[in-house]
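Presented sequentially are two complexes of chain A, the first with chain B as partner and the second with chain C.
Coming up: the complex of A and B.
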């Protein structure tokens, strides 16, 4: 096992277009790192550069204190699970799993032991004699993972391995992958565009957009302290609501004022800082759906919730089981979503009053889109 | 009446087969049957069956040294041609499967033999192999009468035929290589496979279905080569390049022994059919789709 260091790694196509830019990251031994971002953000390209399948245009890749920019993929001692699984169609499942060992001339007995072991862990022993063509998506995926864990490589690379599976299977495999990581305590780098996968699997999330790292931190930190507007909107489902408005000074402190004139009182600890720099300037307020409170739950006596109220007309209501999603329309801010207890009353086209948990909202600079209160994170 | 119409409905499908069947009948079935028929007769100079001799044509063949020579020459010829043409096609296709500048020029030149008439190629080879003015002797500094020497004549014709047949093989193999998923090579690289391991473990098995098809077609084609032999060596020197097809031609149109020629045709047909059947049997074991 090992540590990987990427220093200012860039990938340029056709000498003009950057796919990945200044990617710097340190991956410690045993970490489960997730590259997440919308398609085309460069996450797969970065993974393929680590694997050696794409050339690194500039920057350095260090694996175990060895500079690996020009090391052949076969000599990097990594193993990779591909999005389409890349099983060898002419070989049986057994040979597929054994391939990496066979070409290393490992004794047959040892190979057999390892294959049987991995196959029972993944529950594919009965498939060993089949060929990939006869397998279902989930089975193929297990075989691909089985082939990857035959060796003890320096790191496992996974390129959207769950994207071809249906929702139920995906949830199941997610749990299995997480257990696998614990069992092998291996370094894993995992690419996905699914933020749920990123949140549940990773010990560190690297959010990417347009080839740049937006934020790299633990799932909790990324969720609670997003570095900018993009990360805030990308991580979390349903995504964060954004309201444009400005900061206005009041007797007590400061208010966030929407275009419609609705004012939300900003808690003291933040009011001062906002007044200093953003007085009468445009800012964007970010509120997660779960940080709206209906009347029933807003009985916290310490806070003055009456000045932190947002009104809206219900456009849609979705039952999620324990909770309900409300989609509301506000006069100037447009549509926003709130996650409320299932017993909350309200029908479509009803007017609704919601309290905003102002201690947990985020403020973003309208121009730079940075989180005003974000103070770096561990890189 | 109604019953009759009902009955005919299912059988109307046969009507659509008639045009195709007619063409086959005239150009395939009739000559085929006629050949078998002729092989049982002695004929006159116009090829008319005159005297029924039963299996005498066959027994004559099986006791004739010349026929066994023909069989041996044909076999050798087929082996060289099939191995040669498939190797050239495969190597060309593998070399051209990677994109590099000028690839079109190379692809075209590898596929080109397909477009050359065998007789034309034979004429060119005749000049190349000419002992006094041929470029081959000039370049190698050798002094060999390639076509007139029984030791080399067969190899020359076979190599020419291999080259001629390699064009279409190149196309088949290129298509086959294009069908192999690129990502399995990527996985193999990460798994630690070398280029040679990838070729033998991934490329060859991936090509096996198309390889089998090419093999069958190539063997049949090699057995039936005629034009280049006719022009380059005319079966000579001696009988060193007298393959069965050429022997048939010579017996029928020079010696006017149509009966014997027909018998040889039937034997050739049996050999090719037997080989094809054997190959299809083997295919079930060896070819992985």
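Coming up: the complex of A and C.
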């Protein structure tokens, strides 16, 4: 199908502030790219610039080796699914789906064949004669996707297409979208601020903030190797716990010392690098809730597990089903969350001792907020 | 579920089937009576107010079928004692009233059509297209609404007379072919139109004209209907401009024609009323036909916006 390249794309509304800045990204054929980030970070703007609905202030947009900055939206051969579906209310579902092809003067027979085909793929054949007003949210969504796939465009652009659906339907549509992507092997660019969608659908996640790309990588890489404090906190739910502290040298290597004086032993492989650059300097330790353990399973003979524990008082406890979330209060670090097996004992206001999986924690520079051990990754 | 059913039958056990039915009917009649009384009061009030509001109109209908002797007495004659259509016959014979009505229809029809087309296109540009100076231009258009028509009527007259257009249909229609008010109303209506439909159509490869014809017009029918009724009635009631620019009898519109009835025979108020009633009818028919559109159009914008 196609390949999209964005080179230092910027967008400025009203000559005041950048909505999107220096956005550079290569989207390969067949990729499922997710733009994710907090509200107002420029996801929709970027998508609309790709679609041609918004002018590109500076930078280049290449679609299939063709510079597309000034190409009319209809000639870019992209199709877009809008958040509110954008179905034409006065036309039947059939006509809605056929509209783009009718404009392109495709023969009637061919249109009919395609509509029927797409309708059966999406399970909306029985709705073809209805008008959009008579459909449920999920059905409208399917029709909107149906209209988008009719044209076999170079890429699909979707702006929060599932945000109007309830949780269950969203989960179902997520699976269907993922299957559709595999079946069509199409390039898709998808905007969301739901990170479950981002993690499950995407082959590449682009995390944005204030118009800048923070990190663009596979979901796994973004989760396991966040580039900076923002990405670490944004991806993952409940989000990563952060503790401020400093690096201190010990006879065996190095410790991370919290303000309360609690010391956590840093594994050997990282202790050396940290000591070199950050001795006695402020760093931020990031621990995901699932990286707390109530008991040690795998033993590393060189590790001193008595020095890898964190104490806290339980403030809240939530049942998630197979697991429980514990919210604890630590003397200096404040509240943090831990995800533990459901049979873990502990009631509110109990003191609790948790082991920290120090091999999987992250260290961030307190000033630049960069992940100290982050090494590049693809852009 | 089973337990729930059970408890219901237990409670019903106190009454037998018949008693329950009687109770039902009793309560039903009571509720019905209450409903009827309320409705009756409402209808009564409405009729009183309607009569009050419509009194001038009804009285003019009544006068129009009175012989003039009956009107000019010291008695209070609300209703004619010898109704006659004489006044109508005289009104239609004394001045070419039919011609006036046709003229008015032609002029008002053309103005309506013209305004719908120009205003909707202009409003489309102001609400969907992006171009430099859009807001300034819109402000300028709106500013023209602040100039009263009377202030420019003389210069307009001079313009059209220098163009040798006086006393033609064109001069009656041309100055009213567009209106700032219409542009404003259409734009307000289009603002409530989901912009993503337009964007989606653009991505589908739909040009602006096709978008207007295939999507915008079908979806804004009620607004167009409301505009049409409003414009038509306004055009039908035009007075100053037609009076100024038409001289010959063939070109007169009804509103002017009616005043001719007055000048021909200043005494005959009954004749005048017959003419008035005759020319009110068409605009009332238009209103009744377009009423549904007008109301729904007026409120659609309100609810959505």
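For the reader, a short list of remarks on this structure follows.
Just so it is clear, the second predicted complex is superposed on the first by the 371 of 379 C-alpha atoms of A that agree within 3 Å, B and C clash if a C-alpha of one lies under 4 Å from a C-alpha of the other, contacts with A are read in each partner's own complex, and residues count from 1 in each chain.
In the analysis below, a residue touches a chain if its C-beta (ideal position, glycine included) is under 8 Å from a C-beta of that chain, and two chains touch if they have at least 3 such contacts.
Since the structure is predicted, the reported quantities are computational estimates derived from the model, not experimental observations.
When both complexes are overlaid on chain A, chain B and chain C end up clashing with each other. A count of residues in chain A touched by chain B and by chain C gives the higher number to B.
In the overlay built on the shared chain, the residue A:322 is in contact with neither chain B nor chain C. Of the two partner chains placed by superposition, A:167 touches none, neither chain B nor chain C.
Of the two partner chains placed by superposition, chain B and chain C are both touched by A:73. After the shared chain A is superposed, the part of chain B among 61-69, 169-177 or 277-285 that runs into chain C is 169-177, by C-alpha clashes. Counting contacts by the rule stated earlier, residues 51-53, 73-74, 78-80, 82, 84, 86, 88-90, 99-100, 103-104, 147 of chain A appear in both its interface with chain B and its interface with chain C. The touching residues of chain A, when paired with chain C in their complex, are 51-53, 73-74, 78-80, 82-84, 86, 88-90, 99-100, 103-104, 147. Put simply, chain C touches chain A in their complex at residues 194, 196-197, 199-206, 210, 215, 218-219. Across the complex, chain B meets chain A through its residues 181, 183-184, 186-194, 197, 201-202, 205-206, 208, 288.
Residues 51-53, 72-80, 82, 84, 86-91, 99-100, 103-104, 131, 147, 157 of chain A are the ones touching chain B in the complex.
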